[in-house]
Amino acid sequence: MNQSQTQVDSSPSQEIQFESDVTVSLVKSSASDADVIWAARVSTAGERSQESINQDAKAASGLINFLMRERHGTPFEHSVMTFYVKAPIFVWREHMRHRTASYNEESGRYRVLEPVFYVPAEDRKLVQVGKPGAYVFEAGTNEQYQIARKEYEEACTQSYHAYQRMLDAGIAREVARGVLPVTIYSSAYVTMNSRGLMNFLSLRLKSEGAKFPSYPQREIEMVAEKYESIFAELMPITYRSFVDNGRVSP
Amino acid sequence: MNQSQTQVDSSPSQEIQFESDVTVSLVKSSASDADVIWAARVSTAGERSQESINQDAKAASGLINFLMRERHGTPFEHSVMTFYVKAPIFVWREHMRHRTASYNEESGRYRVLEPVFYVPAEDRKLVQVGKPGAYVFEAGTNEQYQIARKEYEEACTQSYHAYQRMLDAGIAREVARGVLPVTIYSSAYVTMNSRGLMNFLSLRLKSEGAKFPSYPQREIEMVAEKYESIFAELMPITYRSFVDNGRVSP
Amino acid sequence: MNQSQTQVDSSPSQEIQFESDVTVSLVKSSASDADVIWAARVSTAGERSQESINQDAKAASGLINFLMRERHGTPFEHSVMTFYVKAPIFVWREHMRHRTASYNEESGRYRVLEPVFYVPAEDRKLVQVGKPGAYVFEAGTNEQYQIARKEYEEACTQSYHAYQRMLDAGIAREVARGVLPVTIYSSAYVTMNSRGLMNFLSLRLKSEGAKFPSYPQREIEMVAEKYESIFAELMPITYRSFVDNGRVSP
Amino acid sequence: MNQSQTQVDSSPSQEIQFESDVTVSLVKSSASDADVIWAARVSTAGERSQESINQDAKAASGLINFLMRERHGTPFEHSVMTFYVKAPIFVWREHMRHRTASYNEESGRYRVLEPVFYVPAEDRKLVQVGKPGAYVFEAGTNEQYQIARKEYEEACTQSYHAYQRMLDAGIAREVARGVLPVTIYSSAYVTMNSRGLMNFLSLRLKSEGAKFPSYPQREIEMVAEKYESIFAELMPITYRSFVDNGRVSP
């Protein structure tokens, strides 16, 4: 009898899938521009800052801009967002270097991982030009794209079949998963406050207007872009001020 | 002309006040037992853990209890609470050693501090008996209470008057405040997740049922008690499990 | 012309290698039992705690034991160790969830990764028995070991060749690496203080004497064991006390 | 019998003292420019970065400058310093908002605090001119200095005597200390890595050359200046690069 099989709590769909996007959705939030106001005002108004709690933040965009420009970061820590994110493991490897966030991720020890793999889309720039520290990415040829696509598909399929054969032989998930490639998708919940999120955006999103240039890998930038659009909606004044001040995390 | 006076953004009420309590109120929260469920389930269910997002947590109290007992702490990090707290400075000194929280406090550099001072209440145990590392507190005599009360009132009043005289002489707030005693109240916003909060409770609240004994100063314990009752209401299953497992922070 | 090739700063040895161990070496340290003494004594002796700075820690093992038992963790934060660690990526994925450490790791974006892969040794327990939350690992049969070995070797070799073909086609390293399996080795420097290290040991090393049971994956436990033996040598009294108090991180 | 007296582990000198400086001394360090080199090189050289461990850092000042300019902060986290610092409580209140450091401080609960108080020196600028967010400090008149000096001396002396009378009456130290002013000195050990230290310097030290202006209170700036001169000696290339790049913490 196959011991491992009996413990599988979610049997993977057998069809191997390839996708070229990442998923980011907002699970919940307690985040608004108004939070920044009372958090900042307590320094000058003490107890009476509580009057700002249900106040309209619009009148206070000057204060938010001042905090951002002068890098008073702490008032941005009380606004908190939780995201569900599905991204390849090589993205998670970079993401989890951000230590002020909270994470819970699916586990290759506790479940059979599903055969869903990231593969670069046709418009993903494939060629790196330049010297260390000053790279530029350029579009690959169609031939290069076809090579990448083919190599990804073959390698992921072979690896996943090896994974399945080990599982079928009763080998533990945590051992069998060793052969799975870093392009396999994994799901996690990420909770960050808006200060941590702006730090993430400043490092993981390339922008002309940034005071300090960043060179993120495209795939984590795709996550950052989705974070950014949710953030812009939840905290429009803070976001605008972040952009206007050169995307320097306060 | 008195330069400092013109910058005073909140003229203090001149009446010197003494109080014997601390204030804790919930400003906002994004915290529920249900958060713990999807955060934990992602490890075994991956993407499908999202089905738990709006689920009733009651059926899952066994899971929460398992996480607490086995000290899987991260699923408790997605539940976040913001408190307004007013407490003496000597309490803040201890509170701010908790480094996983976010703080914004009123500033003695940016405002004139108000003459509101903490003084021990009659039931505050005043006498410390025992050797280092194994102290017990016992009730003081009425005479001791009267002495404490009188010394607090006189010292605080004298200090505050010295503060005012320096301000009146045009000396900067940040210099004048040096004479203010650590029993003066200060207000701050504190944002913590439920894991950080349980750590706080495990260290700052004395309880018979605790697996690891704690010897908090009474005044920070008063803050902890108020945190605890808010936490118990927001996350009743988590709180019950925390208590049942000996108040060990997961 | 192959643009990527010209930027390769370290051409990988072409021979694909399989290893079954992890590497941990001490790069440097500023860590001794004596550190704990002055750090703890400042609370009761203030300025005069400096007299303990070059003192023998042996006489103070009672103090260290007291701190450990009562969970006074902060005096253990001033002792710091830096390790060079070489381990499979699936180990790093778990390791980097420890957020109080400092990391620098080799980069699949900046260099061509070398074809060195972890493969389970013959004595690695391969079969997982039990239900979620209460697993036990048992030795596999020789046949299971042969299957694992063969699948690892084939999958890693195929993946690495796919990686090389993409590099040869001028595709950027950060894209090509997507097909590499999580069992590939990666090198990093890790700096931790002794409090963080004890937390790591309490979670990543299984021990009969532990008050709170842990179920680490064997491969990160191998790293933990090597950390532990270095730690035991640098801070023998602290280590002894940690073990004697049930391996509860203070 | 006076119960509190018997527990006093260090009887305070009764002479009330006033000082106008802060103390910072290096207790120990594991910090050098060379650390930054191997930590950075692991990203491009992997295992072979170990060859840099005992290398001369001088040849690599270009690399350090690159890291600083591009804000690659993590390679600066492996260099660690421990300081003994004696400063007024109002300085500690600001200092301990830096959450990536490790602290152990003397305790007003466990010892009788000594009557040593900070008082502004004659050259301390006493008058604040300007509006919130854009203050300038100017020298006070001699009369203002005399007022400050006198008020400090009287208030501190009165408060300390109140403290002593409560102790003499058998009231616990943790209660009696409530009347002590925030200008009383306290001692602590602080461990920081060079990244955290540069963050501290960027916020707590005013400099013409800083890209982002800071307005620290003079007394914490005095601590920062002493940190800075020790840091400059331990890691001269890193320090020079920090200054040359506008004192932006990487």
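Couple of notes before you dig in:
Lettered A, B, C and D in written order, each chain numbered from 1.
By definition in this document, a contact is a pair of C-beta atoms (placed from the backbone, for glycine too) under 8 Å apart; a residue touches a chain by one contact, two chains touch by 3 or more.
All values derive from a computational prediction rather than experimental measurement.
Look at the contact of subunit A with subunit B and you find the same residues on each copy: over half of the numbers used there are shared.
Across the two candidate interfaces, C-D and B-C, the one carrying more C-beta contacts is C-D. Each chain gets a centre from the mean of its Cα atoms; for subunit B and subunit D, those two points are 25 Å apart. Rounded to a whole number, the gap between the C-alpha centres of subunit C and subunit D is 33 angstrom. Annotation: 36 Å between the Cα-based centres of subunit B and subunit C.
Within subunit D, residues 9, 44, 74, 97, 103, 110, 132 each touch two or more of the remaining chains. Taken together, the subunit B residues at the contact with subunit C in this complex read 44, 66, 70-71, 74, 97, 132-133, 212-213. Against subunit B, in their complex, subunit D makes its touches with residues 3-4, 7, 9, 88-90, 92-93, 96-97, 99-100, 103, 108-110, 118-120, 124-132, 137, 140, 143-144, 147-148, 151-152, 154-156, 158-159, 162-163, 165-166, 169-183, 217.
Residues 9-10, 27-30, 35, 38-40, 42-50, 53, 74-75, 77-78, 80, 82, 84, 86, 102-107, 110-111, 113-114, 186-189, 191, 193 of subunit B touch subunit A in their complex.
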